[in-house]
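Shared chain: chain A. Partners: chain B in the first complex, chain C in the second.
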Partner chain A sequence: MTTVTTRPTAPPPGPPVKSRRRRGPRLSARVRRAGLPYLLLLPAVLLELLIHIGPMAVGIWMSFRDLTQQYIRTWDTAPWVGLDNFSVAVDVDAPVGEALLQSFFVTCAFTVLAVGLAWLLGVTAAILMQENFGGRGALRGFFLTPYALPVYAAVITWSFMLQRDNGMVNHVVHEQLGLTETPPFWLIGDNSFVSLVVVAVWRTWPFAFLIIMAALQNIPRELYEAAQVDGAGIWQQIRKITLPSLRPVNQVLVLVLFLWTFNDFNVPYLLFGKAAPESADLISIHIYQSSFVTWDFGAGAAMSVLLLLFLMVVTAVYLLVTSRERKHDG
Partner chain B sequence: MADTIRRSPTAPPNSFMWTRRVILTLLALFTAVPLYVMISSSLKPLHDVTGSFQWIPSEITFSAYVDIWDTVPLARYFLNSLIVAGAATACSVVIATFAAYAVSRYRFRGRRVFTVTILSTQMLPGILFLLPLFLIFVNIGNTTGIALYGSRGALILTYLTFTLPFSIWMLIGYFDSIPRDLDEAAMVDGCGALGALFRVVVPAAVPGIIAVTIYSFMTAWGEVLFASVMTNEQTRTLAIGLNGYATQTQVYWNQVMAASLVASLPIVAGFLLLQRYLVAGLTAGAVK
Partner chain C sequence: MRTRPHSPAAPRRRRTAALAATAAFALLATACGGGSTGGDKGSNDSPDSLTYWASNQGSSIEHDKEVLEPELEKFEKETGIEVKLEVVPWDSLLDRILAATSSGQGPDVLNIGNTWSASLQATGALLPWDAKNLEKIGGRDRFSSSALAAAGAEGKDPAAVPLYSLAYGLYYNKKMFADAGIEKPPATWEEFQETGEKLTKDGKYGLAVEGGNPVENAHHAFVFGKQHGADFFDIAGEPTFDGPENVAAVKQYIDFLGKDGIAAEGNAEYTKNESVRDFATGKAGMLMWQAAASSLASHGMKPDEYGVVPIPLPGAEAGTDAQINSMVAGINMSVFKNTDNIDGALKFVEFMTSTEEQTILNSAYGSIPPVEEAAKDKAFSTPDLKVLRKVLAESSAPLPQVPDESKFETLVGTAMKELFAQAAAGKEVTTGDIKERLTEAQQQMQK
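Right after this comes the complex of A and B.
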């Protein structure tokens, strides 16, 4: 039966095949069945080409052109410059390359801190709330609120709190606790890095919490019951059962948090505007600024391509390492 | 019955109870302070938010909630956000339903290429697509005279760059969790593949579809990057309108907070009402 190869899943029972054969020519039915998945996929594939694949190809093409302001409306006339945009971007002795490298380091430090803290808070809260207690449901909904808030509403509120003269943070730090001589600036200078991390963690830890809460529900209760029979206390149960069971979820969660945080544009843009302070100049906002503020799209596109390569390498290495670990465990 | 379900016959030790109390209280405070600042400031008169910060409003007034509709075209921003987020969500959910059904139920050439493409584009930052899309729109406008740049339609298209791959990915996971026997039984009963999709798979996947809808709408409603470049005064969304309002030289913070609350309320209410679907959808989809 050759039809089996084109058939989607398990072969259906006999009678329908017979009746179908009677109804029309066999070939057209086969073609129709083989073509159906492509037909269903057609809109998605067309859109993917239009909004992802096409623009990415155009982005790569742009990175080889000298696309400055005068060529924006007539891009086909922009001169071909080969790898010039790339060599400027990676030349760490020149201002452009130096700034890009600085932005890269800031982004890495920010990502490690923000992902680490968001994950830690999420896992801790989820484990502490694994067992039912009075008010658990309400508290859970409350913890998720920062994640549900539109990012701009949350970040604008934080930027009000971080204002130097009429903000809540300086009211507490300077006026109520008297920790500083003068009210510090939180949105310019070195402090802006701290502000960025705190705001990012405030917004993302509920997501980690949500995912871990969901994963905890899938741990079989019998495991805990057996451990209790063996005399394990609650801390031992967390260490020996809960944390190991969360490992597969953690691997996905950390990767997703990494990609979101590393690529974060919203928080720095809303906190600092189009040009972020040096200590909070994340890579997305750096590329944005290079393109839409200085209007050098060739340079912006070259930096985008470099970012794309970096993300691909990191993700591939991460997936390789974690899948190998999983094999070792199994 | 409830007693036998409960995990531990003995209460957890005091050390655990205290750890739980302390940590959860601190986290609740961390969560609550910005929310409190937002709500209380929106109820303050202007002179309370211009000087030094005050925890307690000197008087409670709703004037900020009245004034925002005049000081900024908030209603227009609201409508723009609603149209753009709604259209992007509707498009991606419908298209994703067909695509996810094909991927989940059929084995065909190119299937793996498709899923890998979806997964990787979902993880890429928006800035990678923004630059080329901006230039494509500007140049199409320049050669053909079609004003894509600044239009709502173009913004909806750019929003699909993040709502579509996410929706497809989540729905593949959700459809995979629905037993095949169900749609095979429907096909034996004479339904075609599309009949099985609409009569069996879609109804069984309602929680997953709701989850995808909320998530897409939430992300589109809060989107900043594309809207900051692709909109003009007429098509500006809440995100950009409010941000512009909050970065003027003279900021009426009580009004900004009131406007932020008004923009957040529908989303937060919808999220909290439907969060169990989101959890169900995420467990079946993203966290397999």
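Right after this comes the complex of A and C.
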């Protein structure tokens, strides 16, 4: 997670740098300088191995085993089943595979909607807040609250608000505005998908807002002034100056939002509990249920590995396409 | 690392970093317990202390500590063994036990839901209570046989000993009954339906159900199944979820909210014990629950405002199994096999199942002592406990003690949650719908 977010945003497009500017002073200093980055990286690499790569390797190992409750105590003796777990997971004609596929589609739809809306809100708010006006600081702080709230407290509050009989949402939608004939359910049935998208967008858009706000500071004001002199309207300025300048930031931002949203566990788990409604059965919850609730860790691990492969392919294609585009534009 | 967008190495490096991060995300889900095999035999390496995971029996975790701590001090005074107590909430207890099982780093003594007994027994992590071990705590005969039947698979040494027993009863609101002109609580389902219809008016309902809670749903499916002559597992332990009797049993329960209309539609999303609140606050006139006394009191309902009778039956003409009206509910106590204080752990279980402690603890929690001598105490002769004791002794059955039992609760309970959602949305729930859901649930058992 941190590897992605803390990476410095690339500077705005400039002339390509063809050669490395290294002026080779004395040899020992050069060695020292060459070694220093690796030395500084070492703790991070070790922790990465320990915290991420290790469990990942164990997960991959588990996916080839029949790891049920009989073996969790001595899990290194779980029988090898080859690709059995995988073939069950991808057999879409059988219930397990069918449910996984359904969950996958739900997750894709959810991710596209949630990331799209969070990004749109973030960009809009950031552009609107660019001008200096009274109370801007306070409003910025206010916009960031959802991001600052602890996820548990925030989502539990949502789950109370979304209750059918006593929740605030129905109080407004049904009783005060009279938009529906009967009070709708928000936590079960098909509407739960809507609830999930709304809560997820509410939680993630401040991050998009924050990042884009920071990126906007880097766009030279002269560009806008020149555009105004040339008679460009607000829309043209946004389309021709703001968005292209934001491109490198957006590339990273959308990827991070995609990964966070696709893997979101907290929001659905806190909203719906261990058994999410079918229309909001995100893949992370589905895998949790397949491994922990039904005690079939091998099957859960196989699904995780499939998810990993999928996300790796998407990320690789995304980065390939976006960086090629930029090369053409540059 | 500051990378220029156009240097040839940069995109690749960034991609690698992103891939690593992605990979890390994706597999976090599988990163459970990383320990290795625990020793197979317990030892006495640390004879002066024990770690005990208690389940949440009181109205809050704090309440549990208040009840248990004085008793643990008593035990320390008697034996010199210090017991480190942790009260684990229900929604994380099973995950914690599984993690402890796979890592070998767990408590010495712990509470388990009695329906998990066979599933956890299959992990081999719990100390089997063979004749020798049972002798150390006073022998098998001290416990009620129905409670012991829910402590592990049939024909095997129990994986646990019973600690608190519970049974389902039908709680009814006396004032609402009187207002509706109902003279006596229902004993058959026919009477139940009539009663429910009389109570359902002016925004109030006959019954409150916890429709969004898979575990509650599965418990009722089991008992209703018994009454319809259906079992959810055959003798070999294979799932039989979708027989016509199973479908009929599930339909009877879903119909309370659907076709019969005696439970409020909103109950379909209840998961936080809102049904107990609705009953306590007079929104619903009846509730099927286990040991509700302390929760009802916490919502301000006094003991003389409600009555408890056994869950209704199909009628006298049905067979013996059809006279089952509760599962054997309760909490068992287990010892982790790899404990480093095996003698101390056995002493502690002996202490907790002693007649004196059983009386103190069960009366504090409103449950029934599975130790028969303790059950004779007059603390357990209140009108509601008398009824529940009789149910437990005469007409209860343990949930199937098979390794896949916990899957049954999850899969069937969740299927019923979806069916409730369908009924609540005003769509008719047909026999076909139920059959389809149950078949799906059963197919997920055989992967």
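Methods note: the second predicted complex is superposed on the first by the 285 of 330 C-alpha atoms of A that agree within 3 Å, B and C clash if a C-alpha of one lies under 4 Å from a C-alpha of the other, contacts with A are read in each partner's own complex, and residues count from 1 in each chain.
Keep in mind that, in the parts below, a residue touches a chain if its C-beta (ideal position, glycine included) is under 8 Å from a C-beta of that chain, and two chains touch if they have at least 3 such contacts.
Predicted, not measured: the structure shown is a model, and the values here were computed from it.
On the superposed chain A, the positions of chain B and chain C overlap enough to count as a clash.
By the document's definition of touching, both partners, chain B and chain C, reach A:L308. Of the two partner chains placed around the shared chain by superposition, chain C is the only one that A:P95 touches, whereas chain B remains out of contact. In the superposition on chain A, A:E278 contacts chain C only, with no contact to chain B.
In the superposed pair of complexes, A:Q69 makes contact with chain C only, with no contact to chain B. Counting the residues of chain A touched by each of chain B and chain C gives the higher count for B. Within the superposed three-chain model, A:D296 lies in touch with chain C and out of touch with chain B [touch as defined at top]. In the superposition on chain A, A:E48 makes contact with both chain B and chain C. With both structures placed on the common chain, the touch criterion links A:S323 to chain C but leaves chain B unconnected. In the superposition on chain A, chain A positions 8, 10, 13, 16, 37, 48, 51-56, 58-59, 62, 72-76, 165, 259, 263, 265, 273, 284, 287-288, 291-292, 297, 300-301, 304, 307-308, 311-312, 315 are in contact with chain B in one complex as well as with chain C in the other.
In the complex of the two chains, the chain C residues touching chain A come out as 1-7, 11, 14-15, 17-34, 36-38, 91, 95, 98, 101-102, 104, 119-120, 122-125, 212, 214, 264-266, 268-269, 271, 403, 406-407, 410-411, 413-414, 417-418, 420-422, 424-426, 440, 443-444, 447. Chain contact summary for the complex, chain B toward chain A: residues 6-10, 12-13, 15-16, 19-20, 23-24, 27-28, 30-35, 37-38, 41, 49-54, 95-96, 98-99, 101-103, 105-108, 111, 114, 117-118, 120-121, 123-133, 135-136, 138-139, 142, 157-158, 160-161, 164-165, 168, 180, 184, 187-188, 193, 218, 221-222, 224-225, 228-229, 238-239, 242-243, 246-247, 253, 256-257, 260-261, 263-264, 267-268, 271-272, 275, 278-279, 282-283, 286-287. Only residues 1, 3-4, 7-8, 10-11, 13, 16-17, 37, 48, 51-56, 58-60, 62-63, 69-70, 72-76, 88, 94-96, 99, 163-165, 182-183, 185, 187-189, 248, 255, 259, 263, 265, 273-275, 277-278, 284, 287-289, 291-297, 299-301, 304-305, 307-308, 311-312, 315-316, 319-320, 323, 326-327, 330 of chain A touch chain C when the two sit together in their complex. Within the complex formed with chain B, the residues of chain A that make contact are 8-10, 12-13, 16, 34, 36-38, 40-41, 43-45, 47-48, 50-56, 58-59, 62, 67, 72-76, 121, 124-125, 128-129, 131-132, 139, 141-146, 148-154, 156-161, 165-168, 170-171, 175, 202, 206, 210-211, 213-215, 217-218, 221, 224-225, 228, 233-235, 249, 252-253, 256, 259, 263, 265-266, 269-270, 273, 284, 287-288, 291-292, 297, 300-301, 304, 307-308, 311-312, 315.
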